[in-house]
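For clarity, chains are labelled A, B, C and D in written order, and residue numbers in each chain start from 1.
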Amino acid sequence: MSSRRKFIKQSGILALTSTVQSFTGKSISQNKQSMQSKEKTYWPDGSRLVVSISMQFEAGGQPDNAESPFPKNMQKGYTDLPGATWFEYGYKEGIPRMLDNWERLGIKVTSHMVSAAVLKNPFLAKEIVERGHEAAAHGMNWATQYNMNYEEEKKFEKDGADAIEKITGVKPVGYNANWLRRGANTLNILQELGFIYHIDDLSRDEPFIIKVNNKDFAVVPYTLRNNDILLIEGKNFSTDQFFNQVKMEFDQLYPESENRRRLMSISFHDRIGGTPQMVKTTNELIRYIQQHKGVSFKRKDEIARMTLDDKTTIRE
Amino acid sequence: MSSRRKFIKQSGILALTSTVQSFTGKSISQNKQSMQSKEKTYWPDGSRLVVSISMQFEAGGQPDNAESPFPKNMQKGYTDLPGATWFEYGYKEGIPRMLDNWERLGIKVTSHMVSAAVLKNPFLAKEIVERGHEAAAHGMNWATQYNMNYEEEKKFEKDGADAIEKITGVKPVGYNANWLRRGANTLNILQELGFIYHIDDLSRDEPFIIKVNNKDFAVVPYTLRNNDILLIEGKNFSTDQFFNQVKMEFDQLYPESENRRRLMSISFHDRIGGTPQMVKTTNELIRYIQQHKGVSFKRKDEIARMTLDDKTTIRE
Amino acid sequence: MSSRRKFIKQSGILALTSTVQSFTGKSISQNKQSMQSKEKTYWPDGSRLVVSISMQFEAGGQPDNAESPFPKNMQKGYTDLPGATWFEYGYKEGIPRMLDNWERLGIKVTSHMVSAAVLKNPFLAKEIVERGHEAAAHGMNWATQYNMNYEEEKKFEKDGADAIEKITGVKPVGYNANWLRRGANTLNILQELGFIYHIDDLSRDEPFIIKVNNKDFAVVPYTLRNNDILLIEGKNFSTDQFFNQVKMEFDQLYPESENRRRLMSISFHDRIGGTPQMVKTTNELIRYIQQHKGVSFKRKDEIARMTLDDKTTIRE
Amino acid sequence: MSSRRKFIKQSGILALTSTVQSFTGKSISQNKQSMQSKEKTYWPDGSRLVVSISMQFEAGGQPDNAESPFPKNMQKGYTDLPGATWFEYGYKEGIPRMLDNWERLGIKVTSHMVSAAVLKNPFLAKEIVERGHEAAAHGMNWATQYNMNYEEEKKFEKDGADAIEKITGVKPVGYNANWLRRGANTLNILQELGFIYHIDDLSRDEPFIIKVNNKDFAVVPYTLRNNDILLIEGKNFSTDQFFNQVKMEFDQLYPESENRRRLMSISFHDRIGGTPQMVKTTNELIRYIQQHKGVSFKRKDEIARMTLDDKTTIRE
């Protein structure tokens, strides 16, 4: 990357800035900042590459007739009973199987918990935490969040966090909105409620800090491409496609991490990532990754804390 | 799985139960039950892993212009003639080819029979049974079942079962609703008619017992992910994707079955699973599975009977 | 297959027939016939397995804004210019590349020609025939055929055949309707016009004879699964999926052909099958198939003639 | 290809021409021309096969709620915030990663720049040019271009080109319309503005010359099949499918290039082709291609200039 950094230093930043202003009337200070942050950075704890796994705990909290692999052609007024059993699989087989897999692999993950699902299966939520994983918040229920008003949304996030804390004994500090779709007030509310990070951002392969209410707030980016949601309708990707694609991701990020802080994010949903075929696939993927020196697996709360405490973290 | 069981025993069940009640007003006894059932269980007959194959016999029983790989843009009032020949393939080539394949492999399967298809090709239905496979019911015809009233539905299920019995000489004891979509009365009617199990449930990788009309009724779960329906529009999965994904499923369930009763369900539809490319794929899959000790292939009626007679079966 | 034939002989055909009649009021003589035809049959010329390749010559004959990989969101009243160039590829690169490939492989194919495309590129149509391939008819233009009245349709088919004959010097004897969708009169008209076979049927893996206007007419079945149409929107199948799936098809049909007449049908469209990646894929597929003894590649007119002249051919 | 050329010479061109005229009333001189151009041609600079890579620089220039992998079900009046971060990835990670990859591989590419994206990230646009790549125009912003009137469109193209020139110091000579969809005036306007080529044509695997305003204008064809847009919704192709398919393309074009001028076009969009998994895939693809003698990688402006100066180039 050295030629890239040299170029940036040599560029006439002032001249360019005034050219842009003549076209758009806007300054580009924000862009300068993001460029300057491309200096060599590493993880504060000496990790070479950090891998962070998400395990969505949502099944049982979904509304009637929620999206599933079944055709979307039901007559109104009826319940999609087999669709409901597709979700039940998430807590009856999926989460337990993934928990055993994480244990065999010796890694801890972040579980984004829809609180309605937590209340439906409190023992399972508690088990997740007791086995060392992070309980992060994912809303009181499966509702669209971006169109709530401030008061509604604050209650929605607070109730969700309270339920998780009462059941698991741990107060969540990370947040994930339904389909990542936060609204204009979401980050402010999260900051007010004591959350320290959110994941609803796909823009970088490393964590960064933003200002919310004039205070630092961490962004631990998520991704859709290393995500079992690619298999959601049960007909897009097969498990071997998932394996090949995620392996390729690692094969690029690992050499990159020699020069720069890199985060690899992988995600699994209870009823998709918890099937036998996906757990087997995941096991092979993680074992492949674990053969490489300097890779560590971390929960997102650990990543957020390291990020917030470190001066070399990208700020936007 | 031992750490998982230890955790469950140590958890303060009473405390959690009252916390949930304070949030929702509902008790969670059902969830305790499903947790307790996670004790070590095996198959009563000493099998390590049971594989159950479904062969849908539907072609010839479909309505005009039923879903096929052809574009859905026909002008109203005309029949999709090539679409009809796509279905005909199911009984002219598909079922006969699969029957020969099962024989070469030495396994018996469950054939879910739409009775209109049985009446259109009675010799083929009879042949399926004479060659040792199970005739299960799949409705009188290809109708949506969840929105029938009680009387309609009872007639629909009874007529279907009667036709199968008259043609094949065997009374079906298992049921599968159109697109798995049973209605609110379906299970009660099935129990009244003498059925002992249904498959319209995706929630577990092993059979379980539910109470219907206060009597035991077996659920032998189905799955969409080891199912040739993934190739239905002829453009989602290719046969190699199917092979890789189903193989991965076995590779996870087999080690799991060392500690717990596990069922692997695989499904084929006459006009899809009966193509040369799919029969070849299936042959290779089954031969791979048969190389593993302790695996047995069973019809779903055998599984249901074993399940109902066994005290360690999960009850919901 | 011997156990299958034994079963059929032993079954009580009369008893079953009367049972079906009691349910449906219809006899099942048609089905008996198709069963009896499952006796051992081979190709009259001693071929073990016959492979027949279709090469659709359509580009240049399509209507404005015909389906292509481009998004279907154009404002009305404008022409999709890049979409048109996608079709042009079919005659500028696709057909010439495929012709060279067939020559390298030493095989002759059937080209289904939209006559409007023939008139747009007459030298190419003539070249196809001069290089030994069959010119079959595919309609005067790219119109929906199933909803034409008798007179319209007869003119449509006759004009198309006449154009092909005038340009190439050969009168076509085979027919393929737009999207295989023939109407109620199509076969009668084809018989009247002197055609001897059509391909718009997916029901078997071997040719068969039907009665049209009380005369024999051959059906040389087509298939959608060994068909580059799987790549039509440019995002369903990749070329390696196509390769794997079609190879699996051969790997099943070849052993089947030891006991029974089998036809393997593979199809390519000018602008899809004629891309470099698909021609390379096809070359590898055919070379793989050619390594097997007893396989012959035939044009569909040869197959129809052999079929019509042979007493062991299936009759429906 | 020699038999193909012999055939063309022997054909009775005059006879065929009059036959077509009797059907359609139109002459076919255009088609004769394209046939004659199939003589052996090579690249003027002695290259055997030329590979040209496109890198779309669009992120930051897209409208609100532009197409992304997120579901298209947002309530009106709200912004898709995570969708916007999916695009940001293009300039924060995607382009920088691809630039480093091109440098490691030692190749120069053509960057099609939406000028609104250039103004948002001027340093990055300038860096692309300083590192040796071509800045080509891609419209002032992400607007549909085919339905603009002449004056609108001329301003749209000129403003876009001016912005690129002011920021990067280089006047673009190549053009790419939004989704390739040029209108009836586009080529005339481009010729008036001093552009020398466009890419919005999929019809050939080699560049060609057309007359625009009675002057030569080069077409450097694009393709959708060696294009990361196959992964656009994040669920069509996986990276291994992309690798296999593009490799097959090269494996056919390379032998073809022994006898004829061949161009292989490959394309990447900032937020898709710039992900770790795609950059790794691309690196492996290019390294594979670079192992073959006589292959050169060229910017499209170089290709256009060579094409326009060469008498053997195809003219349409």
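Here is the rule we use: a contact is a pair of C-beta atoms (placed from the backbone, for glycine too) under 8 Å apart; a residue touches a chain by one contact, two chains touch by 3 or more.
Everything numeric in this text was worked out from a predicted model, so none of it was measured.
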Touching both subunit A and subunit B (chains) = none
Max Cα-centre separation from subunit C goes to chain A
Between subunit C and subunit D, centroid-to-centroid distance (C-alpha), Å | 35
Between the Cα centroids of subunit B and subunit D the separation in whole angstrom comes to 49
Which residue numbers or ranges of subunit C touch two or more of the other chains?
-> 236, 241
Which chain pairs here would you call touching?
-> A-B, A-D, B-C, C-D
Seen from subunit C, its contact residues with subunit B in the complex are 1, 3-4, 7-8, 11, 13, 16-17, 19-20, 22-24, 28, 31-32, 34-35, 38, 144, 146-147, 179-183, 200-205, 221, 224-225, 230, 236-237, 241-242, 244-246, 248-253, 256
Considering the complex alone, what residue numbers of subunit A touch subunit B?
-> 69-71, 74-75, 78, 80-82, 85-86, 88-89, 92-93, 96-97, 99-100, 103, 119-124, 126-127, 130-131, 163, 166-167, 234-236, 238-241, 275-281, 283
